[in-house]
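Chain naming follows the written order as A, B, C and D, and within any one chain the residues start at number 1.
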Amino acid sequence: MSKEHKKKNVFIQGAISPAFIGDSIAKHSTKTEIGAHSIFLGQVRNDILDGKEVAAIEYTAYTEMADEVFHAIREETFAKYPLTCMHMYHSIGVVAAGEISLFVFTSSRHRADALEACTYIVNRIKAEAPVWGKELFTDGSHTWKANT
Amino acid sequence: MSKEHKKKNVFIQGAISPAFIGDSIAKHSTKTEIGAHSIFLGQVRNDILDGKEVAAIEYTAYTEMADEVFHAIREETFAKYPLTCMHMYHSIGVVAAGEISLFVFTSSRHRADALEACTYIVNRIKAEAPVWGKELFTDGSHTWKANT
Amino acid sequence: MTITVLMFGRIAELTGAQRQTLHDIPDTNRLQQHVTQMYPDMANLTYSIAVNTVMIRENTALTDGDTIALMPPFSGG
Amino acid sequence: MTITVLMFGRIAELTGAQRQTLHDIPDTNRLQQHVTQMYPDMANLTYSIAVNTVMIRENTALTDGDTIALMPPFSGG
């Protein structure tokens, strides 16, 4: 591995705010070698399951293992794609329907690298990050989310 | 075509601000059927060409034709992918290095649709939108941008 | 008959005009000949042509009131 | 020897615990048997196992101080 990227904190308590995302974008204006940014946002849906409506998702994680998984994803993505920057944030705790719980942000000189890397990262997070979503219904009951 | 989507104004005078992007994201919190957003941003690079540094790009467009092209891309993307929303913005006029000149935003229930549609739209805009970038160098001279 | 010719990017720079009104030009091939005669450097440029905002790929007859755009390769985004 | 067992999601709910300390369990197969004996509904759950944060795919010997995580299918993002 030619570069070493420090372990960063991925988990954010509660929802990820649109203003935080706007600020993250703004911070890249000094990196004038960037030509393309790709951003993925996961938003909590108010799914109806057996007639009950999802009001929020409560996320828990095995944070010790998750930190290692996110670090591996980061290193392997930088090895695979020529990126200038990459950022990943995942909510922990309760996130209401309509709020954002996942934020993946890749930047590169040319568009294909940022676009492909972003999809690659999102798919790996969904498959490998030890995180669990508990869907909280409006009636106070709950179920455990299953990723598709 | 099952849905009709009204022609929207795509062109924005000057750079697209990160705060505008944050606000656009925030507006989607009421659309609780959305599970995934994909965003592409084009940022002006300070490329060095024959020893001269790009300070800004000045965009001009054949707006009458561009409106039709953007409308066709919008309709064809909605026909091809099950999206909840899609937005496209392109700068016109001068955008400095480090600033954003293209903003494509797709939203869907499941991640694959938003991700694939966003890439599809960006590639179509680059290939089909009658827009020209004049790269303005720091020394006052210029060249005409070529898309890769 | 009268047509309006729109020029963009490098072509507008080369011709010094963004818009010209021309008369009695029956088709797009004749328009290209006319433009190249006026501005010989046009022969070295790659460009596409739209008639009334629709891209054309072969010689197209022109009628009164048509708007023809001479467009260098796009470089938006 | 002593091991720490971490439980997440549906499994933590089923067992009523997020963490348990167990003694003299030589390998992960024996751990699964023990857990299923204590909580018979575990037999109906799909889950994977990590030993010291590393996912395992077959029976793995355990040593003093190991941390074993019982993890239902991930559903982050």
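We adopt the following convention: a residue touches a chain if its C-beta (ideal position, glycine included) is under 8 Å from a C-beta of that chain, and two chains touch if they have at least 3 such contacts.
Keep in mind that this is a model prediction, so the values were computed, not measured.
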Going only through chains that touch each other, what is the minimum step count from chain A to chain D?
1
Where the CA atoms of chain B average out and where those of chain D average out, how many Å apart are those spots?
48
Report, in whole Å, the distance between the mean C-alpha point of chain C and the mean C-alpha point of chain D.
73
Calculate how many whole Å lie between the centre of chain A and the centre of chain B, each centre taken as the average of the chain's C-alpha atoms.
23
Can you pull out the residues of chain D that are in contact with at least two other chains?
77
In chain B, the residues touching two or more other chains are 42, 111, 122, 126
Among all the chains shown, which pairs meet the touch rule set out at the top?
A-B, A-D, B-C
The chain D residues in contact with chain A across the complex are 6, 8-10, 12-13, 50, 53, 69, 71-77
Seen from chain A, its contact residues with chain B in the complex are 18-19, 21-23, 25-26, 28-46, 97-100, 107, 109-111, 114-115, 118-119, 122, 126, 148
Would you tell me which residues of chain A are touching chain D in their complex?
42, 59-62, 64-65, 68, 90, 101-102, 122, 125-134, 144-147
